[in-house]
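Please see the structure below; I have some questions.
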């Protein structure tokens, strides 16, 4: 479903070329200062415009239409909406029978029996992540003083990201990258032993972000080649601080107070400026398809803020869940 | 929480040295043949006993105490219980103030204010995964003809797994590994575009399995160094079959009918046969701790069946959710 | 929380005098014809305007901003929004310390620490039920051929409802009423034995409608004075039809194929045109309060369509949940 | 589904004549003293044995098999199990085609395609409410100092309950009754404005209890014949105390600090000692059925403690949900 969270619960909706996209944030505590301006920094990070990003640039002006009164959250659901303005709606219907490789054209068409909106990817568009960012901005306010920081540490296999992007642009191709995320000032005790393990909740949200292919916490895939004597993080003081952080800040699903650290693999943008083979279901044969439209050479440039906000949403829910415990007894 | 699933919903409970552990499976369709024998093969795969696994060997005899009548599921919740028999309960209370590195002793103690059961890891014990395997056996019956297969493809950095285990045993150390899981005969259309993406649901379950550190679908972390022109899976026939499977069988969160393929990183067992430094909260200083007990040199040997069953549980829920669609209109 | 449903899941938001109110409908099947016109009949039934209803009359023009393409639902979340136009925003802040009897002024102020929007009841306003009606209109399309019909059968203790309303208006007072709801063409087998009993799901939704004080299914409160020999509904044919319908169409939480019948008690509107005593928290004493604003003498006149739509939402979720069963085995 | 609750979440399972019934209580705070003895008083209230109750008397010995260590809850799921001992398993299969009036035989058979366990009502048996009582006993400990008290105030239309029962026994018939429940020391601010209104949560649980036909809060069905000037509860002091309690302690879905008061209608036991007409699906005709077995002349005698515990479960969840709010800001 398009909602997430047990206490801090968000719902998102919208299509790339639809009238409006938005997010409804339920379970938000009352009294948090919130205005449209608060969203601007994160929207700017997400927005296209630089080299290697799509020329479709939306102003992304959020409108808070409920849940805020006199500049503060009321405790009622906060609804944030965005009008779609730059929607060049040419004919996309051919995508229903001649699907773009790497996109959700085929799966969407099959799942929804051909009733899905194909314009610009419809509901599958990365544009819908604007709702995740909006909810994440609120989540980050709840989390304070916990901080979540995600950065692109590598693209196209190199840390010289600018060069990698230029090369991809020249080749009419696209590249992927690695995003690293660090959550600091984390209290001990978030998360649950099994199904709502901290890693489970974060990974659940991260894979809700389009283009993510993998996630690893702490030592991650390196753990597979380490020995226990190397991997175990030794506790060195009474705050629970550990000498190393192979655990990525989580033991038994529960935060241990050290930074939560994880890395996310982002695939190269599926839309590229070259013709590609794909099955034409009308002609019943494989045919070349050239995707015209506008697209990013490296979607990984724009994804860190979405990863960051997705993480903040998961943590806000965990932190609000945890706050009930100590009180009862 | 210790429950998972929207339609096929499982709850697990129990402690390593408690009286009983078990699983309650709600939402199971009626009429599925089910007997205690059906669990035996998967329990055998999970059970300790071989080189590199703990000498604690429980008979793991499941008892179906509800939800089955005349050999078939009734549609009411199925409850499967296991008595704990081999519980050498020595004094574990020292773990509450002198926590084992890599384990959940410290986080459990903090989260539950010192009331957690420390014996053999208590509720954090890998033994509780018996409930996941039990539920997974039922899930696999629902999934049929979908197949889920997980195998250990590498341990201690090598495919000569037997040698890696012998080396670790000699060194009183432990090793991790990589489990690969393939789901075949998958229908097109499972999963949702955002928060309940197929990857989200599977990853959520996989990180509920103790010792997992990372998950990657299809191309996974290699996607970060691939070009779009290499990564895009070209659709080559009308069944939606693709030439490559970098997507791991999922586009836009939704299954595309190709195999779902993912890999999981498993850390080396935290209990090793060597003294390790860790903070003693009673003495307020770092002190050596030697974990006596019984343990696995390579937990990754026993984990594939748990990964397989965790995956089957996620897929069973997705498949039951999907079955409502086509009917309505 | 302000969301409901496991498969057909709705979220509502907004305030009486806020910018926008709305509903997000997730889990809606693809391919259902849907346009703004489809909402008009039910909105007209809900709208004020007749004798005994508030003079605040909003045009209630719904705008479908997502989830519909070429006149049909796409399977993605449908978002329906309403602009608030007739919001005479005088100063409502006195309600934060001098709460209106029978309203949620005091509880809202306490729950949200004084941050709630007090204008016209804010998020507690009956106006927010517009979102329930919007979602219910979609639910009724899914339910077809199941029909849900709710009518006001009594107001102010009489079936001469018009006279009762006139009397209340003359007395500057308000009256309550009884709404009866019948659901026909119900398939056998909806609902669950315990926590998701059909009655549980319907009652859950009905008490989400402001002003409801009681619900009874079939024989209801009369059951308490009946004998088993009178109360038992005898099955008289192979369709499961019963001679009487004291069960209200439900046995053991599960629909039996006969009509679901229930009655709802609606309290008199809390806002009346007379001064009333209530504690003034600023002056720390009981003082008279005269509620100026605009209000209904008999909210029960407008509530049947809300009851009907709330019921349709619960049934749509149950019916979609049930559709997964028969398929699996 | 057979689980309920967002933070304090319970699952129940079992059949009347199965091996074991039980409850799993997840989300229970750590450190609550809990032993088998704590359940005895409420089990005694629920147990059969007096005049008008079934001669089937089970010892109802609970066994806590997880979640408790050294006499206190650990924070891990608490599992409480009961062995079924007094299960005279004669042949019940005729109920699959010749269903008892008023029971769930027909609906169960239809919903589960004939795979349901028909012995003694199977999973539909009132005996399964033992799990609700077990969870309720824990919930009441969490609620302290909030108190929940339910009593039978009327049976067979009279307060001379003993006489009413004797009359029913003589007539081989059964009678219903009214249970009144009062929750005191309630904090202000529990519940949500719409879908998780306090009334919604309580009613959801109450209709999970077999044999309930109606629920009314405060003025309930009398509200329909009251005027606003009579119905409004005037706030008379700074604690929020009201002069009357027509609201039943709840405004806008949120508790106002006054007692929560509601009444529940309980139908007469469906099993009576007289032959009744019902359709025989094998013979395709209406035929007399005499229910032999053992049954209660007035199930309402045993139901108050179940109502009480069901209410405590709903309130425990609401109270734990609420405890997160004040903390955040």
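Every chain is named by a letter (A, B, C and D) in the order it is written, and numbering of its residues begins at 1.
To be clear about the criterion, contacts are C-beta pairs under 8 Å (C-beta built on N, C-alpha and C of every residue); 3 or more make two chains touch, one makes a residue touch a chain.
These numbers were taken from a predicted model, which means no experiment stands behind them.
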Please tell me whether A-B or B-C has the greater number of C-beta pairs in contact. A-B
Taking each chain's centre as the mean of its CA atoms, which one is most distant from chain D? A
Based only on mean CA positions, could you tell me how far chain A sits from chain C in angstrom? 36
With chain centres taken as the means of their Cα atoms, state the distance from chain B to chain C in Å. 43
With chain centres taken as the means of their Cα atoms, state the distance from chain A to chain B in Å. 25
Interface hub residues of chain C, defined as touching at least two other chains: 1-3, 12, 30-31, 75-76, 111, 113, 123, 193, 325
Chain A contacts chain B in the complex at 1-4, 12, 99, 101-104, 106-108, 110-111, 113, 123-124, 128, 132, 154-157, 168, 171, 173-178, 188-189, 192-197, 199-201, 203-208, 210, 212-238, 240, 242, 246-248, 250-257, 265-272, 274, 276-279, 281, 284, 286, 300, 325-326
Residues of chain C touching chain B in the complex: 6-7, 29-32, 75-76, 142, 193, 320-321, 323-325, 327-329
Chain A residues touching chain C - in the complex, by the definition given at the top: 1-3, 9, 11-15, 18-22, 24, 26-27, 30-31, 63-67, 69, 72-79, 81, 111-113, 115-117, 119, 122-123
